[in-house]
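Questions regarding the structure given below will be posed in turn.
Chain nomenclature is as follows: A, B, C, D and E, assigned in order of appearance, with residue numbering initiated at 1 for each chain independently.
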Amino acid sequence: MGILERLNGGRWGVHPHDDHKRPAADTPLRVMPLPAKLCVPLLQHVGAPAKPVVAVGDSVLRGQLIAAAQGAVSAPVHAPSSGVVTAIGPVTAPHPSGLPFDAITITLDGEDRALEAAGVDDPLALEPAEVTRRIADAGIVGLGGATFPSAPKAQLGRKLEVQTLVINGGECEPYLSSDDSVMRHRADDVIDGVRILMHAVGARTALVGIEDNKPEAIAAMREAARAFAAIRICPVPARYPMGSDRQLVEVLTGKQVPAGARTASIGVLVNNVSTCAAIHRALRHGEALYRRIVTVNGGAVAAPGNVLAPVGVLVEDLLAFVGLKEAPARLVMGGPMMGLALPHAQVPTVKACGGVLALTAAEIARPAPSACIRCGSCVKACPMGLQPLEIAARVRAGDYDGAASLQLDDCLACGCCAYVCPSNLPLVQSFQHAKGTLWARAQQKKRNALTRELADARRERLERDARERAEAAAKRKAARAAQQASAAAPGGQEMPS
Amino acid sequence: MSTDSMGRLWRDGLWDQNVVFVQLLAMCPTMAVTTSGTNGLGMGLATTAVLVVSNMLIASIRDFVSSQVRIPVFIVVIATLVTLVDMSLNAWLHGLHKVLGLFIALIVVNCAILGRAEAFASKNGVLASAVDGLAMGLGFTFALTLMGLVRELLGAGTLFSQASLLLGPAFSFMEVTVLPGYTGVLMMILPPGGFLVLGFLLAGRRLIEQRISRRACAGGPAQSACSA
Amino acid sequence: MDLALWRERIVYQGGLLALSTFLTSAALVLANRATVSAIEQAAQDDLKQSLTQVLPEGMADNDLLADALEVADTGGRKVNVYRGRKAGQFSAAVFEYRARGYAGDIVILLGVDPAGAVTGVRVLRHSETPGLGDKIEAAKSDWIHAFEQKSLAGMPLASWAVKKDGGVFDQFAGATITPRAVVKAVREGLQFYAAHQAEISEAAR
Amino acid sequence: MNMLASSALPSVAASPHAGQLGSVSHVMLKVMLALAPATACGFWYFGWPAFNLWLVTVLAALAGEALCLRLMAKPVVPTLLDGSALLTGWLLAVSLPPWAPWWLGVIGGLFATVIGKQVFGGIGCNLFNPAMVARVALLVSFPVVMTGWVAPIGLTGAQAPGWLESLQLTFGGSVPDAYTSASLLGQAKTELSRGVSLLQTFANGLPVSWSGMRPGSLGETAVLLIAAGGIAMMLMGLITWHIPVSMLLAIAIPAAIGHAVNPARYLDAGAHVLSGGAMLGAFFIATDYVTSPSSRGGQLVFGAGCGLLTWVIRTYGGYPEGVAFAVLLMNALTPVIDRAIKPRVYGRNWRGQPIAPRKEN
Amino acid sequence: MLVPVVILTLLGLMLGLMLGYAARVFAVEGNEVAAEIAAMMPGTNCGQCGLAGCGAAADALVAGAAPATVCPGGGAPLAQAIAAKLGLTLDLGGLADQGPKIAEVQEDICIGCARCLKGCPTDAIVGASKQIHGVLHQACTGCGACVTECPTGAIGLRPLPQTLQDWNWASPSFA
């Protein structure tokens, strides 16, 4: 951070006074018993949804491929346990809209029979392309929340000759501790995953950024990384949103990622610690990504803590396992800052779900919004250096283009502005609304271009057809005339006058 | 011309299309001279006179004027007219000129006059233009006098002070000191007061309009038209 | 001839504007001719009227306007001095003088008798704050009459100031600069008169 | 599992699902706390009449706000409770002559909230600082009363009016001439306009001190407490240093230069910073959220503009004090400043273009 | 006295000639605004607005003869864009709650006559005679031209189903 920025009060982000991470983070990891059924969604990643390769009535084994990747940016889906496929179709998505998305419903047999897994003894001896292929086959996606498929990401890193991996152990959202748990209990797995990923990408160094409010995780990771000079454990200040890749990259490397570009453009690839652990399991044990550690937390939860749960478990079942001590006022998938409120509890978890929160009314209580007093708290808090108050004023006035001109596109939706706002304005929602509206307009524009093209093509075709018909008719007429002329020439007198 | 459209002209000039309160034209004289009711009245009457004559002149030559040079022609006509009025008042009605002289030069830059020439007189006949000029001018006079009275009352505690200088000694009964010993809110006579008073009068006009339309809605049969 | 077609021609447009300017300027020239003398007369009447305001009735029986003299003051400024005579005898001088007020110059008309005492003062032009500084106008306040009969000889120079500055003249509450400027203008006017008294009364013969 | 019945989940809302639970009233309350010591000190210096005026002004400001809200059919009590009208009235009261008559406070308080604030649409919408709008309106309208300063004779001093006597002063007649006095800036301006040099006027030293025992409004005498309150606001994170520091520097630097060049014509930097509304303006007036720029750079420009204009108006203008005018003038520029000076967005340069990627090697 | 009159007259002549000349040189050909608005429209000339194609609608908009909501195919976004362009106040009442629509063929009624194919301005309906027809979602503007063509009433307009991808947060209510 330059002196100018420091003088300008360059502390972005917020510092929640109570991050609610403990005691959940300190309780021992529990393994969730198998529920009666799982709904494994087909779209758990950025890109094209996976295509089912099983049919209703098929029996599946744990780790069996049930939906294959479609296209370059996609990820396959595997069965988290054994049972019978009882439905392939829409279930409610873990999304505030309550709209459905497609999922494969498996009724479990409880036997948890597994497919024979084939691990590799020394993944570092494999060709990088082979490592990437195995990562792809295991259906690994970014588990920090971005859900970008890891294999194409590694390929991109290799193509751009990325030298530095940044491993994201920021986990800055309050309440959540699943990454913390992974680092504490599976530090060796994480470090091994980092080494495999470095091999796959061809990176020379890896910087593991861990917020300094997780001393146990830092200690465990230091211990695990002791033998590897290329991997550095870097404690970073605990500040939200330290876990955002752009912010973490800046803190660790001192460089900013250009707007609209990926971190790879400055030679850095960011991966989450849980992703690294998953890569380790995929390569060493041949285990696909079908389960993960989920933090179940919130004031309404009786026994908050980290739970190893299969992907696709219903939130309802997960909460039943940890118990509720009171009726939650809001269910959230993810952290409280960026997580999605759930319409109800009959929604499945996904690969990137690091936490499920059952929040009480007291926890989500916020005073009614009042007028903006332009105090500038949001400007101070915005990690992207935007002016949320100005953007919100434009959105409110329906001036979406004006909002876009203030770089609304760069907004992370991290929620810092709304968190600090003394007027309790619904800033994030207004930005999401504006982004959605702008997106819809852009789509409409594309559509207009397409329909215009089609209409023009049709017009041209019709004109051509008409022309051809006219020419053909003219030709026919001429031919007929010629014929008649030749027929009439000998005996022209017979023509009626 | 039908009486109906005549009535329309009058209503437009005095209220519906009032130069000051609705069209927000002629802000320069409005702000500059409304420091008292008398000044407002004087400026309004002088403007009305010029407006009527200029409207009639322009309406009578409108067929000959090409659109490309109409603005300079109108301006030349108006400026000349104003200068003629100024000269003759100065020469033959010198007492009146001493009171009004300040305003008369201002009339040249009064965009309301050019505005009516452009918007009405160049499209209508001489009689209609004369009526329009009179109505608009009286509307202007009404607005200026009202503003002047409000500012004078708040700023100095009097009404129509020095009216006898403008209208003659017979009108000295109009001069009222409402609040004897009142020191006055000086700002009201200064430029900011002009803006403030204009703002509140505009708001007041809207309020009246709202009341009228609400009453019309309550009584009228066309309920559907009132929802907007 | 079709008017609509003609109107679109450049020559017509040029000619039209030329004709307009010709007619209007001609009208103005004629009006100017007709009114110029009347206007001049009215201006003279005005001046005469203000002159009489600072000269009490009966102080002069001549036409002051006809007896004007241009005198340069110490600052090199030309001052028009009108001289009053009674029975041919120099009886008063009237002239404009100015001082910088709160907002721009304050121009006063000052009448002085041969002994150097003020016969009357009127403010001709000023741009002082209305309601505050405009009490210097005779129409708004009697304040301006305080100068009458005062002379430089009559009291020490230090007393030619507002009370706040240790003088004898009132200031109005809240506005010191305006009365101070008027006092200064009168004082300097008297000094000017004293310095050129000989010249003024001499040439009156 | 009826605890998860969908009726029990009434609120599906956008993130974040957590917040700081702050409110506008908290902010206003903290500002008032910061202003309270200086005000109390002012009461101590100027006695009961000052308190009466403060009370009347604050009540009038609240009444004006309530009236407007009522007319616009908006909720009255919750809006009054946000404290902004109270703070506006308070800031106005501490910038008035402490012994001014009651009607000055009433007109000022009403003007501040009605015309300075509600006419623009209420809290957050006003273009100009309402307290300063009212102060300037009063100054322009009632120059005599607005420049009738008294010397601080204390709350309990021998000459000081008792409580009953103070009511007479505030609600009855005018301030006896015996009490009136001139502020430092006023005295300097008057003497300069008479042609008396400052060296001569202040031959016995400038009547400036940190204790603030001199004629002036409540907000300009106890400068030390004002500054302390301002620093407290910085520590509480309510304001940043940008506006106060740039404003005070922009007054002090030209003042120091002028004084060095011609001490007979220009007051020194200390006199400028410690007298008049400079401190109050820098910490409490110019930092008003609504009417100042939101970016740091913009705040620096804004503060510097306020300071420079203050010095220019004090030195060359018609009025002895220029903080209120300077702040209002810069308020008018705030939208322009906000448009021109935006914080640098992450990953972009100052002009808003994406930065060039630099490879990590 | 003659000199000023002559000077002013000459000045008038000169300026008049200049103005006349300038008016000719800088004359604006056609209406650029109308062209810009026509470019914003779907361009399918579907005629749903009741005017002869998108160009005519744009001309009507510029002339003030049509409201900003004239184009049903463009929906609310287009109406807003047009209103912004022309500085009109917008009353979305006529468009409210309708959202974008597309044509849908009811397969059990369709007789495969292929008349709708010819009527579609964007070739959005696929199929051949004696075959059940289908609608290409991307190409359909919801203009409804096919609805009137269909002899059996098998084609109707239905609102586009909302998906997770195009769902959007509502504009929040500020204080």
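Please note the rule applied: a residue touches a chain if its C-beta (ideal position, glycine included) is under 8 Å from a C-beta of that chain, and two chains touch if they have at least 3 such contacts.
Bear in mind that the values here come from a model prediction, so they are computed numbers and not experimental data.
Student: Suppose you hop from chain C to any chain it touches, then on again the same way; how many hops at least until you reach chain E?
Tutor: Minimum step count, chain C to chain E: 1.
Student: Provide the labels of all chains in contact with chain A and in contact with chain D.
Tutor: For chain A paired with chain D, there are no chains in contact with each.
Student: Which chain is most remote from chain D in terms of Cα centres?
Tutor: E
Student: If you average the CA coordinates per chain, which chain's centre is most distant from that of chain A?
Tutor: Result for the farthest chain: C.
Student: Counting C-beta pairs in contact, pick out the pair of chains that comes out on top.
Tutor: A-D
Student: Averaging the CA atoms per chain, pick out the one whose centre lands closest to the mean of every protein CA shown.
Tutor: Smallest offset from the overall C-alpha mean is found for D.
Student: Counting in whole Å, what is the centre-to-centre distance of chain B and chain E, each centre being its mean C-alpha position?
Tutor: 44
Student: Where the CA atoms of chain D average out and where those of chain E average out, how many Å apart are those spots?
Tutor: Here chain D and chain E have centroids separated by 53 Å.
Student: Averaging only over C-alpha atoms, locate the centres of chain A and chain C and give their separation in whole Å.
Tutor: It comes to 85 Å between the two C-alpha centres.
Student: Which parts of chain D, given as residue numbers and ranges, touch two or more other chains?
Tutor: Correct list: 14, 143-144.
Student: Which parts of chain B, given as residue numbers and ranges, touch two or more other chains?
Tutor: 66, 68-69, 72, 76, 184, 186, 190
Student: By the touch rule stated above, which residues of chain E touch at least two different other chains?
Tutor: 12, 15-16, 19-20, 23, 169, 172, in rising order.
Student: Can you name every pair of chains that touch?
Tutor: The set of touching chain pairs is A-D, A-E, B-C, B-D, B-E, C-D, C-E.
Student: Give every residue of chain E touching chain A within the complex, in rising order.
Tutor: 40-45, 74-75, 77-78, 80, 121-124, 138-139, 141, 162-164, 166-175
Student: Would you pull the chain A residues touching chain E in the complex into a rising list?
Tutor: Touch list, chain A to chain E: 93, 95-97, 99, 101, 368-372, 392, 395-396, 398, 423, 425-426, 429-430, 432-433, 436-437, 439-441, 443-444, 447-448, 450-452, 454-458.
Student: Can you name the residues of chain C that touch chain D in the complex?
Tutor: Within the complex, chain C touches chain D at residues 102-103, 129, 132, 164-165, 173-177, 180.
Student: Applying the document's contact rule, which stretches of chain E touch chain B when the two form their complex?
Tutor: It is residues 12, 15-16, 19-20, 23 of chain E that touch chain B.
Student: Mind pulling up the chain E residues that touch chain C in the complex?
Tutor: Result: residues 1, 4-5, 8-17, 19-21, 23-24 of chain E touch chain C.
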